[in-house]
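Next come the structures, one after another.
Below, subunit A partners subunit B and then partners subunit C, in two separate complexes.
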Partner chain A sequence: MTRIISFLGQRLLFIVPQLFGILLVSFFLIKSIPGDPAVLMLGPMASTDAVVSLRTKLGLDHALPIQFWHFLVNLVHGDLGTSWQTTRPVLEDLLQRFPATLELVTLGLLGAIIIGVPLGVASAFDEKGILGRVAGVYGLTAGSLPDFWLALVLIFVFYTILQIVPAPLGRLDFAILPPPTISGFLIFDSIAAGDWAALGSALTHLCLPVLTLSLINAGPILKMTQSTMDRMLQSDFSRYEVLSGLPHRMVVRHALRNSLPSIVTIISVLYGYLLGGAVLVEIVFSWGGAGQYAVQGVLNSDIYPVLGFVLFSAIFSLIVYLIVDIVYVAIDPRIGR
Partner chain B sequence: MLKLSDRVQATAASSDARPTFDIRGLTVEFPAITGVPTVAIRNLDLRIERGEIFGLVGESGAGKTTLARSLLRLPPEPGRIAGGELLFEGQDIMSLTEVELQRTRGRDISMIVPNPRSELNPLLTVGEQIANVAQVHLRVSRREARGLALDILRAVQIPDPERRMTAFPHEMSGGMAQRIVIAIALICSPKFIVSDDATSGLDVTVQAQILELLRRLAQDRGSAMLFITRDIGITAHFCDRVAVIYNGEIMELAGREDFFFRPAHPYTIMLMAAFSYNQSLRRLWARPEPLPGAKVHDSACPYTLRCPLAQERCRIDRPALREIAPGHYASCHFPVRR
Partner chain C sequence: MDKQRLLRNGPSRMDEWMSTSSTVATPSWIGTALRIASARPSFAAGYIIVFVAVLAGALAPLVAPYNPIEADPSQFLQPPNRLHWLGTDAVGMDIFSRVLYGPRIDITIAVLGTMVSATVGCLVGAWVGYFSRAGNFRSRIAFLIMRLADVLQAFPVFVFAIALVASLGQSIQTVVFAIAFVNIPIYLRLMRSQVMAIREMRYVEASLVAGMSDMQTILRHVIPNAMGPALAQLSVNVGWSILLTAGLSFVGAGVRAPSPEWGSMIATGFQNVVTGEWWPSVFPGLALAITVFGFSLVGNSVEVFGDPVKIRRLIRDVTLRERTRAARRRA
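== the complex of A and B ==
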């Protein structure tokens, strides 16, 4: 336990410099995208004077390092800037949109784990069995399918033909009032409010996008599970367990335990990646999530939403990696001593 | 020409017991890309009598590990047992079902492995790993299994056994880990123990302690043992009978006294010369290593290229293992007699 705490302390120390580095790099990268926000905001007909005064107002006339400094100072005061597209503070936008993405991605990833890990274990357990073959074919196809295409197919089948899910337009039916926002996660908020109609609507809207993400992302999880399990089952200690007459099930169980660090790693990488990587699925389902928000920002030189998204994602990823590190320490006695 | 197994059968007929382990015509192959498999163990006969410690000596690459693991029907990947019988207490290991095989391994026949630190599971405490084997094979509760594990840790003289129960393999020294593996091998009091190069990684004093311990524990339990080593010196102190393996075949086999006082096979003598650091003996019995690619024909003695006594006959007629004196076997046309 003390081991984990001292480990955590060390890691937390590094979070602030890590975030600073990430913001620094993204700030200068985004600034290097061509396009003048003042011109974009005022439109092509604006006078030069208007543009100049807007640039001054936005602080765009300062040198880049100074602009970055201003950004940091505002950040410390909880101000992430304003999006000129939505004309709302970025923080407000993100607090609303980030949970939407997080809810989608988390459930999608859970589904992917539920599909990928058992299939991977089963195929390592019995390569030539039915499950092993299914896993082999699945691993190949899942890697080659584009997610938005799969989403469209699912919409076609389940909405257009079978009509068992609602239209792919957002997180709730138009007729249903969203529950009061507590966490931003609709499932949680509607349960907290006891609003079962909202819960039902939220769940049915989640079905297809979650299924899409699950089916696509089960691929890498399955492959990682399979190959790590294979490696573990070939390793000296597994062979020794077989030589010692331990039952096959127990040997596989131990191999799975030894494979967990790799499986947890691929899951955590996918988690961080999907925050932005699920954007095509978000667009197909008009999800209104953070990924969509950030992409709009990039396309329109709207820098603050992008930086805000980067900041949120970075913090989130760092938290995920921290949890992963704790899991490593908990699983493997050789780490962190 | 009598097969070794028939011979020993005849001499051992007086005692009622059948041998603990009787290997008949074992052949183990490794598939090769060229299509012609590498034969790692060739038509090998060997009997290990009840309660005896049988020493098997060979250079690295002789096929020791392949033989040891094949006895449990698990040759190193991608090896394959191509033929032969493995009679354990009269029952052919080759005919067991998977479940019977699993019950036999670790309970009736156990194996002491080299490099125990990589063979133990890095994520489980050694106490758990010992208890697992006890629980599976002796069908006792988890509690009892832990109790047995603690007992066996005491028996292998691990200092502070209670604390060691919760230690992980990486926290142990090589000698300590070796004792753990011995504990696992002995916990079910097996009838037969195969020890593969078990003490080679240890320094000499630790090695001597562990060998002494191993001998006593095996004797207490009445276990027979096949003790495989690269070190011919160890067998002189430790084993009742000794055999030399070369290229997957037995070159010479004899009781300890005969073996060390009247070695007959040129290869055995070369091994002893090398071991004794006697320069003139060495010069006499060694020949320059054959070129790496050089291979003898299947119908020649496998040792011809290195043998100082090799003659024309050795190159065309592969010698079989034959009895040159009571209980003393050599596979050589011109065994050295004095």
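== the complex of A and C ==
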């Protein structure tokens, strides 16, 4: 146990300089994007005086390192700056948008696991069977489809032709009032408020983006399951089990048990990646999530939303990796002894 | 070639196998390729897809029936028909011609970006791997480089790439640069871990004792022996870079709209798809998906060719097929 704690401590110690590095790089990168926020805020017709006074107000007249220092000082006080596009504090914006992305990404990843792991096991269990062949083809094609294109095709089929899902515009129907925000996750909030209309609307809006993310991300999970299972079934303990005459089903179950650490690893990597990687799907469905917020920020030289997003996603990945380290201890008896 | 070892272990490399196989009188590359293709049709499919895509891009000016950036407003949103095989988009540009021109931009950007990142990543990675345990000033620099790679990899890739393009100005060169930049850490890590193992080999020691300098040893002995995994990564990486290029153009941070680029074509057709005109987006997307698929199949084959265990399995399959076929012919 002490070893785990010291391990986690080392992790935390390392994360501070890393977060600093990430913020430093993104600060100077976004600052180097041409376009003066003061000019963009006031519009092209503003007088020079107005621009100069706004620049002073925003602290833009200081040298870059000093601006970065101010940002860090504010950050320590819990102030992430203000977005000039939404004219709201970035922290508020992110607290509202981050759950939207997280809800989408989490459900998408769950779907991907439900598709990917059984298919991967099936292809190892029964290579010549129908499931095994489907898995083989899926494993080959997975990873070649652009997610934003798949989203469009799904919209065309299910919205335009079949008309069984709502228009790809946000998380709820326009006619439905969002339930009072508790967690920011619409599913939880609407259940907590007992608002079944909102729950139904949220679920139907989630259908297509979640399906898109599931289909795309099942690929890597499937491949990892396939290759690890393959390796496990070829290793000595599996051969010994086969030679001892254990049923095929049991051999596969033991191989799967031993493949779990690699499968958990790929899932955690995908989780961290998807937070920013689901941007294109968010844009297609006008999701209003954190990724879309950051991209808008980059495209409009709005620096604080981008820095806030980068910070949030780095911290999120950190939490995911910490959880994974704890899960490793639970599923692999060799670790933590 | 060591006959004894061959007899004991069986062929483990392509050239050994080619020269020992009895079915072909004189081993030729074409014959070998055909034999492999019969056992692994997906490999052949990959090379054919990549070849066709490159050919389409190269011959587009000769083959395309229309100018890819010339709009004919009277012919807007025509469904696929005899004049416009894949239909026209919202401003009346011919989609078939534009899809044909696509590889010129997408594959060029992806290949250039991958090449730059592989070259830089492999050289720096080899240097870092070679000196990381040296315990002197250079090992400290190596440590710093790795921490920098950590920082770069902690970024959300897509947001980072958009920011790079936005800060350098939108052009094909900057998209290439952005793609190269986000891919460098992959090669850096692959190469570093390989080189750290190879660094301990006797032949590296021998080379140093024989009077070669560190740099000469790295370039002549370390890099060639550590290249395998990086090479296997190349083709898959090209496919992935094509997806990234298209994604950048889709959000408007990559290649600008009238250029015939698959991602921006999908983006401009977006609104039409919702109202039922599917062809402006679906066809470029299909072309994109098939091309990426081709590159990943080629990547699979390279991975098999570079792995002695997998190549042995492949050779076993090929021989098995040929034997059963021969047996059937005899019966």
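By our rule, the second predicted complex is superposed on the first by the 311 of 337 C-alpha atoms of A that agree within 3 Å, B and C clash if a C-alpha of one lies under 4 Å from a C-alpha of the other, contacts with A are read in each partner's own complex, and residues count from 1 in each chain.
As a working rule, contacts are C-beta pairs under 8 Å (C-beta built on N, C-alpha and C of every residue); 3 or more make two chains touch, one makes a residue touch a chain.
Owing to the predicted nature of the structure, the values given are computational and were not obtained by experimental measurement.
Looking at the shared chain after the overlay, A:S6 reaches neither subunit B nor subunit C. In the superposition on chain A, A:V295 contacts subunit C only, with no contact to subunit B.
Contacts of A:V284 after superposition on the shared chain: subunit C is touched, whereas subunit B is not. Looking at the shared chain after the overlay, A:L243 reaches subunit B, while subunit C stays out of its contact range.
Looking at the shared chain after the overlay, A:P146 reaches subunit C, while subunit B stays out of its contact range.
When both complexes are overlaid on chain A, the residue A:T56 reaches neither subunit B nor subunit C. Once chain A of one complex is fitted onto chain A of the other, the partner contacts of A:F156 are limited to subunit C, with no touch recorded for subunit B. The partner of subunit A that touches more of its residues, comparing subunit B with subunit C, is C. Put simply, subunit A uses no single residue to touch subunit B in one complex and subunit C in the other. By the touch criterion stated above, subunit C contacts subunit A in their complex at residues 42, 147-148, 150-152, 154-160, 162-164, 166-167, 169, 239-240, 243, 246-247, 250-253, 263, 266, 269-270, 273-276, 278, 281-282, 285, 288-290, 292-293, 296-297, 300. Across the interface of their complex, subunit A is touched by residues 69, 72, 74, 77, 102-107, 110-111, 113, 115, 118-124, 132-133, 136-137, 168, 170, 184 of subunit B.
Those residues of subunit A whose C-beta lies close enough to touch subunit C in the complex are 17-18, 21-22, 25-26, 29-30, 32-34, 140-141, 143-146, 148-149, 152-153, 155-156, 159-161, 167-168, 273, 275-277, 279-280, 283-284, 291, 294-295, 298-299, 301, 306, 309-310, 313-314, 317.
Residues of subunit A that touch subunit B in their complex: 234, 236-237, 239-248, 250, 254, 257-258, 331-334.
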